[in-house]
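Order of writing sets the labels: A, B, C and D. Residues in every chain begin at 1.
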Amino acid sequence: MMRLNREEMARRVAQDIPEGAYVNLGIGLPTKVANYLPVDREVLLQSENGLLGMGPAPAPGDEDWDLINAGKQAVTLLTGGCYFHHADSFAMMRGGHLDICVLGAFQVAVNGDLANWHTGEPGAIPAVGGAMDLAIGAKKTLVMMELLTRDGRSKLVERCSYPLTGLGCTSRVYTDMAVFDLGSAGARVVETVEGCSVDDLRNLTGLVLEG
Amino acid sequence: MMRLNREEMARRVAQDIPEGAYVNLGIGLPTKVANYLPVDREVLLQSENGLLGMGPAPAPGDEDWDLINAGKQAVTLLTGGCYFHHADSFAMMRGGHLDICVLGAFQVAVNGDLANWHTGEPGAIPAVGGAMDLAIGAKKTLVMMELLTRDGRSKLVERCSYPLTGLGCTSRVYTDMAVFDLGSAGARVVETVEGCSVDDLRNLTGLVLEG
Amino acid sequence: MIDKQVATAADAVADIQDGSTVMIGGFGTAGMPDQLIEALIARGAGNLTIINNNAGNGEAGVAALIREGRVKKIICSFPRQSDSHHFDARYRADEIELELVPQGNLAARIQAAGAGLGAIFTPTGYGTSLAEGKETREIDGVNYVLEYPIRAEFGLIKAYRGDRWGNLVYRKTARNFGPIIAMAARTTIVQVDEVVPLGSLDPETVVTPGIFVQRVVGIPAATTNKRG
Amino acid sequence: MIDKQVATAADAVADIQDGSTVMIGGFGTAGMPDQLIEALIARGAGNLTIINNNAGNGEAGVAALIREGRVKKIICSFPRQSDSHHFDARYRADEIELELVPQGNLAARIQAAGAGLGAIFTPTGYGTSLAEGKETREIDGVNYVLEYPIRAEFGLIKAYRGDRWGNLVYRKTARNFGPIIAMAARTTIVQVDEVVPLGSLDPETVVTPGIFVQRVVGIPAATTNKRG
C-alpha cells in the first residue's frame, strides 16, 4: 500500500480548503498544510493569539518576536491581515465564524468525538490551550493523523479511551491510508491510497466502516 | 427659603466631583453639571455611545453628527479622549469602572431605590436607554432633582411608586432644598439651603430624616 | 480572490426575505446605514423583526422602515424620542410590537451572540419590571438576571472605510453598535464611505476584522445628518 | 491633572502583597511584562495566584516568578511547553497548584469580569474532564458549561505606547490578553515601550481606553526576545 507521508497528508488536506476560507491550523502536524495551499487561492489563516491573515515564516534574522503564531514561532502578516485581542480571537472560533480548523489527534471516534489534548497518563502535565475551543467552534473540524500508532493500534476508534477534547465535533479525518467522514451514523471511507481497500481498513481498525 | 435653581443645583453637584473622576452625566438636567466643573480639574466625561473624554458643544456650524452624546447632541472630543464600541462602553459602566454617574429621577426612595425611566402611566411609551446600566454600574450613583413635584409632593419617598430603575443604587441626592445621603439605614440630611431646616424637610417630605 | 464588494445597495440586500430578523447599526443617526435601509424598503421585504438601539429618528433609516409598515417587531432600548413620530404612531395604533431591552443588556446580548455564549447573567434590570419572569441568581452577593444572546440573519451597518476582505474602520461615535452587530449577524452587510485597496488599513487599527463581514458596498455620499 | 505615570517598575508594584491574585499579560513571551515581574520578584511578594495563558517560558517573566517560588497557584491554558522547565519542576514536586482552563474560556471569563457579568454559559469543554462537576445546560440544542468571571486585584501588562491618561496601543500579537486584563483587574499596571504626550494617540485607534488603566511605567528597553 502507498501510504502517504506527512507532507503528502498535508497536501491532501490543503486540496479541500476552498478559496476564501477562514482557517485555523492547529499546532504540530496541521501547520504543514499552509505550505500546500495553492498560491492562486486566497485562504485566510487565523492564529488564536490575535492574528488573521497569517503569512509564512520570515527569513532567518527577520523574526519579530511580537509577531508569532499559536506555536510561538515567528510568522508574518499578509497585506490585508490584522491584529485583535484574545477575547475577539476566541469569539471568532466559538461564535462559529471560522470555516475550518485542522487539528492533530491522539484518537478520533467514528461518531466524531475527538481526543487530542491529554494522554491521561499519570504524571503527564496537562495542557489544553485553544484545542477545545477550536474543536467545537469551527464550522468544520478536520483531523489529520496517521491511522495507526507506532505499535499498530488504530487511532480511529469506536470510542475514545483518552480524555475528550470535544463531543462529536470532527467531520472528517485525513490519514496516511484513507480519508474518513464521521458522524452520528458512523464512519464512511471517502477515499483510500493506492493498494488499500476498504476491507484492509476494516481489518486494520476493527471498525464497521461504510465503504 | 433660598431654593437653588437648576444651574445652582448643577454647580453644587459639580463641587463634589473630584479631580481624575470618570463620570457619566445622564441626559436632561445632569448634562448641566459639565458647565460647572472647575477648569483646573481634569474630569473625564463618558458618553454611553462610545466616547470617553467628551468636550463641550462645538461652535454653531461646526457640528459633526458622527460625534454626538447620549442625548444625540453634537459634542467635541478632548485631547486624549477616545472612541470605542457599545459593548466596551457598557462594560465601563457595568464592570464598575465608572466612578460617578449623575442621573435625574422621578422618585428616589430613602434606601436608594431609583425610579427614573418610566412613569408607568397607561399609554406612555417606555424608553429605558442606558439608565438601568448606569444606575447599578457606576461606583457612585448621584441623583439631581427638585425635591417636590409641581403639585408639591415629595420625590424623595419611603418607597417608589413608579417602576424601578435599580434597587438601592443611589447614594446621594442633590435637590433644590437639601442634599441627602441614602442607604439601608435611611436618609440623612447632609446640608440644607439657607432658611431651610431639617424639620422643614421632614414636614415637606413626611419622611423620617436623620439630621 | 476574496472580494466582498457588492456593486449596489440593492444587490447587497437582495436576499432579505419577508419575516427576516435584521440587526441595524446606529445610535440616533450616527452609524445608521440609511442607504442600505432605503434599498431594503425598495426591495419590499416586510414583517421584519428589527434590532436597533432606537426606533427611528426623523424620516430616514429605521424611521422610514417603520413609516412604510415593514416592521412587525422592534427590539430596542430607547424608542421614544422627540423625533420618533413614525414609531409612536404605529405603536399607539398597535401596529408594531416592542421589546424593550436596557441598552447595556442589548449590547451584551449582541456581543454574546457573536462570541457563541449560550446565556449570560447580567446585573442590569434586576428587581425591575424589565426582568419580570426572567431567571435570576445571586452570585457572590450580587443579583443577576439570565439573558439570552440576540442573533440576526442579517446585520446592516455603516462604517467609514473598508477593503475587499471586509476589514472595517469607523468614524467617531458612529462606531457604536457596528462592531458587535458584525459579529452577531449571520450575514453582515456594510455600507462604507470609501472602499480602499487591501493594505490601506493599518493592521493595528482595524476595528472589525473581515471575517465578521460578508458584503461591502461603497456609498460615497453618505454623510451623517442631524436627523434622519 | 491626571497623571498615571509612575517613575519606576518598583514603584508600580510596591503595594502587591503576599497572597495577591495577579493577572499577567502575554502569550509566550509576546506581551509579557518582564520588567514589572522583575520588580515584583525584587519586592518579594509570595504565595501569589497568577493568571496567564502559559506557565512561563524560559527564564524571564512568569517563569522567573515560578523559579523563585513565589507562585502558589497558576490558572492557565497551556502550562507544558518545551521551555516550561521551571513550572514542570515545581509541578512535579507538588509545589504549585494548577487550574487548567481552555484558552477561550480563560479569555471569556476575563472579559466577563471586566464587563460585570455574573457568569456565562460557554460552549467549550462540555462533556470533557475540564467541565467535571460544573453546572451545564442545553440551550437551543447546544450544551453549555456555566463558568464564572476571573478577576484579579492586580493586572500586569505590556503595551507599546501609552499616555498619562492610561490610553494604550499594543504591538502586533503582543496585544493578546492585554486589553481584557486591563478591564478585569482592579489595579492595572502597564509597562509601555514609550510614554507619549496626551493627544499623540489617534482617538480612533486607542485599543485600551485609559479608564481601565491605573499606572503606566515607561520602560524603553523592553524588546521581546524569542524566549524569556
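Basically, a residue touches a chain if its C-beta (ideal position, glycine included) is under 8 Å from a C-beta of that chain, and two chains touch if they have at least 3 such contacts.
Because the structure is a prediction, the values reported are computed rather than measured.
*Asks:* By that same contact rule, can you tell me which chains touch chain A and chain C alike?
*Replies:* Looking at chain C and chain A together, the chains touching each of them are D.
*Asks:* When the centre of a chain is set as the mean of its C-alpha atoms, what distance in Å lies between chain B and chain C?
*Replies:* 28
*Asks:* Where the CA atoms of chain A average out and where those of chain B average out, how many Å apart are those spots?
*Replies:* 54
*Asks:* Could you state the distance in Å from the CA-based centre of chain B to that of chain D?
*Replies:* 35
*Asks:* For chain B, which residues are shared contacts with two or more other chains?
*Replies:* If we look for residues of chain B contacting two or more partner chains, we find 77, 83-84, 87, 90, 93-94, 137.
*Asks:* What parts of chain D, by residue number, touch at least two of the other chains?
*Replies:* Expected reply: 108, 115-117, 122-123, 170-172, 204.
*Asks:* Can you tell me, using the touch rule above, whether these chains form a line, ring, star, complete graph or other shape?
*Replies:* Other.
*Asks:* Going by the touch definition at the top, which pairs of chains touch each other?
*Replies:* Listed by label, chains in contact pair as A-C, A-D, B-C, B-D, C-D.
*Asks:* Sort out for me which residues of chain C touch chain A in the complex.
*Replies:* Contact set of chain C toward chain A: 1-2, 113-117, 163-165, 167, 183, 198-199, 201, 203-204, 206, 209-212.
*Asks:* Once bound in the complex, which stretches of chain B touch chain C?
*Replies:* 47-51, 63-68, 72, 74, 77, 83-87, 89-90, 93-94, 118, 123, 125-133, 136-137, 163-167
*Asks:* For a test of understanding, state which residues of chain A touch chain C in their complex under the given definition.
*Replies:* The contact residues of chain A facing chain C are 19-20, 22, 42, 44, 46, 52-53, 77, 79-84, 87-88, 90-98, 137.
*Asks:* Which chain C residues qualify as touching chain D in the complex?
*Replies:* 108, 112, 115-123, 137, 139-140, 142, 144, 148, 169-172, 202, 204-205
*Asks:* List the residues on chain C that touch chain B in their complex, please.
*Replies:* Result: residues 27-31, 53, 57, 77-81, 87-88, 91-92, 98, 100-105, 107-108, 110-111, 122-130, 143, 170-180, 207, 223-226 of chain C touch chain B.
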